[in-house]
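Beneath this line is the structure, given in structure tokens, with notes to follow.
Per-chain numbering from 1; labels A, B, C and D assigned in written order.
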Amino acid sequence: MAKIKLAKSKVEKLVEICKSFDNKGSELINVLHKAQETFGYLPAEVQETIARELNVSVAHVYGVVTFYSFFSMVPKGEFPISICMGTACYVRGAEKVLEEFKRQLNVPVGETTEDGKFSISCLRCVGACGLAPVVTVGERVYGRVSAGDVADIIKEYQK
Amino acid sequence: MEKYKMHILICGGTGCRASASEAIQNNLQEAIKAKGLDDEVQVVMTGCFGFCEKGPIVKILPDNTFYVEVKPEDAEELIEEHIVKGRKVMRLLYVDPENKEVISDSKHMGFYKKQIRIALRNCGFINPENLDEYIARDGYAALGKCLAEMTPQTVIDEIKESGLRGRGGGGFPTGLKWEFAAKNIADQKYVVCNADEGDPGAFMDRSILEGDPHSVLEAMAICAYTMGADKGLIYIRAEYPLAITRLKVAIKQAREYGLLGNDILGSGFNFDVEMRYGAGAFVCGEETALIHSMEGLRGEPTVKPPFPAESGYNGKPTNVNNVETFANIPVIINKGASWFNKIGSEKSKGTKVFALAGKINNVGLIEVPMGTTLREVIYEIGGGIKDGKKFKAVQTGGPSGGCLTEKHLDTPIDFDNLLAVGSMMGSGGMIVMDEDDCMVSMAKFYLEFTVEESCGKCTPCRVGNKRLHEILDKITLGNGTKEDLDLLRNLSNVIKDTSLCGLGQTSPNPVLSTLDNFYDEYLAHIVDHRCPAGQCKALMQYVIDPELCVGCTLCARNCPVDCISGERKEAHLIDTSKCIKCGACMEKCKFNAISIQ
Amino acid sequence: MAKVKSLADLKRMKDALQSKMDLREKSNDPEGLVQIKVAMATCGIASGAKEVMEFLIEETAKRGIRTVVTQTGCMGYCYAEPTIEVHLPGKEPIVFGDVNIKKADEIIEKYIKNGELVDGIIPVNYKTLD
Amino acid sequence: MEKMIKLIIDKKQVEVPQGTTILEAAKGIGIDIPTLCYMNLGDMGIEHNPGGCRICVVEVEGRRNLAPSCNTKCGDGMVINTHNIRVLNARKTVMELMLSDHPFDCLVCAKSGNCDLQSMAQQLGVRELHYKGEQSTYKVDYSPSIIRDMDKCIMCRRCETMCNEVQTVGALSAVNRGFQSVVAPAFEMDLEKSVCTYCGQCVAVCPTGALTEKDHTNQLIRDLADAKKTVVVQTAPAVRAALGEEFGMEPGTLVTGKMVAALRQLGFDSVFDTDFAADLTIMEEGTELLDRLKKHLDGDKNVKLPILTSCCPAWVNFFEHHFPDMKEIPSTARSPQQMFGPIAKNYLAKEMGIKREDMIVVSIMPCLAKKYECQRDEFKVDGDPDVNYSITTRELANLIKQANMDFKTLPDEEFDNPMGESTGAGVIFGTTGGVIEAAARTAYEVYTGKTLEKVDFEALRGMEGIRSATVDFDGLPLNIGIAHGLGNARKLLEDIRDGKSHYHAIEIMACPGGCIGGGGQPLHHGDSSILKKRAAALYREDAGKAIRKSHENPYIIKLYEEFLGKPCGELSHKLLHTHYFDKSNDIEIE
């Protein structure tokens, strides 16, 4: 079987995370949250290490990772763009906004632009329905976005 | 203890924070300092006021002035005028859209008039990060009363008598649920708070947790007391960072005060709470799936029975209630079941919180007594349909609910009535749609959600919903047949009848209710190849009326795919083969020359 | 942080904390309470409105009267500052002029408690907002 | 006393103990409710009833929706309809949905004719698919033993239960969600790169063609047709106890003679018995056991005990992946299949006067891991495998059917010599406890120098997952442990790792029941009575043998005299022993 490569510091960090949850298999989701918080995403190597530390099978870890949409195996863009597709935003035109982002950045949902700058994802209701449709870029929230605003939003981050 | 003469409350809900309410808070504080009023005016960031449409909201007490759409740069003026000079800042007050009257006290606004706030009693009123403020409002008094004066059974009886039903969707009587969990003997039991609010367009649980986290902690402790549990778990979406922070603060404070931990209030009762995080799976709102997720597994539901009350978290008796259900408990204990059960309708007692959104003037979070009609909610509280459009449908219950029409507007909202008309209460999403919304597309939108969120464990939900979505897609593309409508209905019924958990058992509701209420619209797509709402792209074309076009070139300049051609001052033309139907041209045209055909 | 060790503890704590929140509780239903507005423009403050306001807040609380004391801008009676407007539930608001602490005390005891009119009423030719 | 419950199923009054499922209750009165994902492994204590397929739904009057009968308990006074129109429509629609996401290549599917999905579709009368749409497609995963064609997966998830709960291998898990969900190894990588042991228990329970063995019958037909090649075959002991089932014979019918006849008729040049190699295994493994035991008794601290058997290739894969730190403990003796190979190609070929490369050694095995074992590099000479390939009991049955033989009426024939002669000890290798019993028979006599009067070690027999017994070696109490099913093996290994094990020797078989329950056997659907009958057949054959101790096999004695020298000698080490690898997923630190 292929040996896995992971930087020592990362392995140590993962070991520490797992230990902070008593290396219990039942804490897998908490561990994954922490790991993703630390590394930004959950590549195979990270999952292998977690499986070993928690004494569960890698298949199980992968099964859990792929079940939950919050977990990602690919790094997000430098500026992750999320378009709220909650119903409130949908009926106020979120779909058009999404289409426009996809068109202008030329990437499908869930992927990152080649330069690593932007990634597009959909989320369900950030709870700012009063501002629908809502788009978030990183921590920043844009309210009442229309397809016409998309170019301006992207421009803000392209410098 | 300093006593302030004035309190300024700022909404710290996610919606208002997204519109910079934190900056407003900072600016207000600076302005107050600059005026040397630190000792006189207290600035408090509270939970959600509910009126998200008009956020960020700033409320000044004691004269109860409700400022709307406040910007950080308004802070100085507010302090100078309102606080120092005692003059209201007129331009930031709410104006009634109907009679253009300025209203400064929120309770005179249509949005608030019909509301009764029980679950939301502290939201927008206290600082959620300050336990003292909660205690000042009878916080933990209900827990104290239970521990000192009531037996577990009398507490259960009180809850049963109150008629409280689960607010998470199913509407199961809460008291009965507690009783089941109490009756199962085990060395370890758990109380779980379901805060995995996944319904797109619903945010009531989040608002409660953000605005009044202690009410949930207190209720969990009361529940634990009745069933003999000493451990509580809150399963919350990782997508709710603010609610998580507030809960963590609340748990820490409650521990410091000894309101969580061992020997609470000297009663010998022990109880503590831990957090568990969801990771983006709607199905985890189902209690067995939620429990599996807490155990570190894929959040797949299992067949009930066994119910969690017998075998739940780690195989131990577990009681799962949702946030809003818990938020009602302390009030019921404090004010009594007989107070509570006077509110609401015959079989649904108390109030319900709804996230009112969509094509409505007053988007926001509302709490109304059960039995309030949809009309009251939409037209009085919601202020009617946006932009003077025509009401078409209201969708309750999120992906599990149905689309209701004009004829249902006078239906009093409660669990049973909504079910009877083919929808359901669900967790409380309420989306209003107008004439521009295509109901086939709406059904498709919900099915897309269900397909994405189905766990994949059982065949009807995994494959059936996918097929429903495909048929709906076919219809919106104009390729549907009449037979498809029969297939949709049969498949919907079978999915409801055979799915393993609540997700699949309710997922066809948007299809069935639109088939029932908007059959003609389906037919229009199929027979006439026409989308009456003008929403289905495949069935429409943007055209420029050469009579009306003045050749201003604005449309051409705004077309993202350059498919509009024409000389300046001459009529323009849209190349329909290139047009992506984004609608930008129509939005920009000042001469109404562009229309959809 | 002091632990709350018993229900009695909790009740004591609540009583102590409640006054802090009183202002907010009362503002929920100002119509049912005695509303006092103190004119706090420059002229009012110069003639001691601030002290009067503090006195009114403290004393009404001490004497167990549920009141809401707010400030307002200049009422236009600069000659009679400090002026206050007292609005008893169900009655027309009445404006008093030249209110010092002694006068304020009298207003509380006579007018607010018993509805007896006292000297210094200014005829209302001004209507405050809402 | 159990509380009894009264209910009505299809208008019939039934009384069942509390806790009975509707499915069981209906079965009790002869009502057959169709099931698909449901699997009851009775004695193994595994009941797989996720309620996922929704084929077994029934109507419970008064209940809003239909109930899955496989995991809905009977309630007092329930009125149940198992086949009314509502149920039939639901069942048929669900089946149509399942088929709408399944390829239509039944004609060439390995499972055709033996496929639960196919027969269920037929039973439900599906003649048309009303619901069509996107189908899930996956790359077919070819491993040396198992082929995964997940387009055919219906998410019954039996394989997952076998892999994780029964075997604790953890190679498979449900991954993704909703329509995209499928059972797969981590990162959806190929099985070959995963921790899969090729035990084949997943294949044994798969109701469709999603998991099948790698088929070697075509290769075999071509080799048999090649006149230049001498094709010899060895048959594992467990095959003869189960092959008859494929021809409608009672489980537990011994078909040794018919099998030999069939193989000869198929055109094999020589038909030998793996049992011969099993006797050889006992010579080598038994000698190694005694050697380690003696050293241990002499106080040698370096010697590792217990010694673990090593004849099961899935088990070898298991410890290489999961317990590589303990790879020095198992016996270094190769499995009988892999002892047969080098003897055939180095000794027999010479005897027969043919070149190694002209000899094809085929094995008939109850096992899928054997296919992989044939291909291990250490069992090849210049790229030529000692055993070219193995075919399963099921594949053999198919070949016999293809050759239009009336298996039941075939005359009994004898194995060829020299490698067809075996003792009773070799025969019982095919069942759990058999290897260690065979070893005990020989080791006892070698160790004590006395004749073993009572050759049946009843204490070592049985079907419990973990068994232990103490055998008296003339005053020396020898502690023996037995585990079958890798989940049970794991427990014993963890004890050893924790220093809690008191055993001198442990026999481990990966499959529940041992080889008789192997992944290549006729499907037993978890019916443990079938396993018991197969085991009994092997013990019967053992009892009927004139020679029942491996070291008394005259051809074995001759083999050592003429060729090998002595057990664990130099040539033995080269040809009959092996070494193990650390296949754990080490994380390389950069």
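One rule holds in what follows: contacts are C-beta pairs under 8 Å (C-beta built on N, C-alpha and C of every residue); 3 or more make two chains touch, one makes a residue touch a chain.
Just so it is clear, the structure is predicted and the values come from calculations on it, not from any experiment.
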item: Path length in the contact graph (chain A to chain B, fewest steps); value: 1
item: Which of B-D and A-D has more C-beta contact pairs; value: B-D
item: Rounded Å distance between chain B and chain D, as computed from the means of their C-alpha atoms; value: 54
item: CA centroid of chain A to CA centroid of chain D, Å; value: 43
item: Rounded Å distance between chain C and chain D, as computed from the means of their C-alpha atoms; value: 89
item: Interface hub residues of chain C, defined as touching at least two other chains; value: none
item: Chain A, residues touching no fewer than two other chains; value: 63, 67, 69
item: Residues of chain D engaged with two or more neighbouring chains; value: 174, 176-177
item: Pairs of chains, among all present, that meet the touch criterion; value: A-B, A-D, B-C, B-D
item: List of chain D residues in touch with chain B within their complex; value: 50-55, 57, 65-66, 68, 71-73, 86, 89-90, 93-94, 97-98, 100-101, 130-134, 154-155, 174, 176-181
item: In the complex with chain D, residue positions of chain A that touch it; value: 1-8, 11, 44-45, 47-49, 51-52, 56-63, 66-67, 69
item: Contacting residues of chain B [partner chain A, same complex]; value: 13-15, 18-19, 51-55, 198-203, 206-207, 238-240, 276-282, 293-300, 314, 355, 357-359, 363-364, 395, 398, 429, 431, 433, 437, 442, 445-446, 449, 455, 558, 560, 580, 582-584, 587
item: List of chain B residues in touch with chain C within their complex; value: 1, 3-7, 9, 61-64, 83-88, 104-105, 125-126, 132-133, 135-141, 144-145, 147-148, 253, 256-259, 265-266
item: Chain D-touching residues of chain B, taken from the complex the two chains share; value: 281, 298, 300, 302-303, 305, 451-460, 462-467, 470, 487, 490-491, 494, 496-500, 505
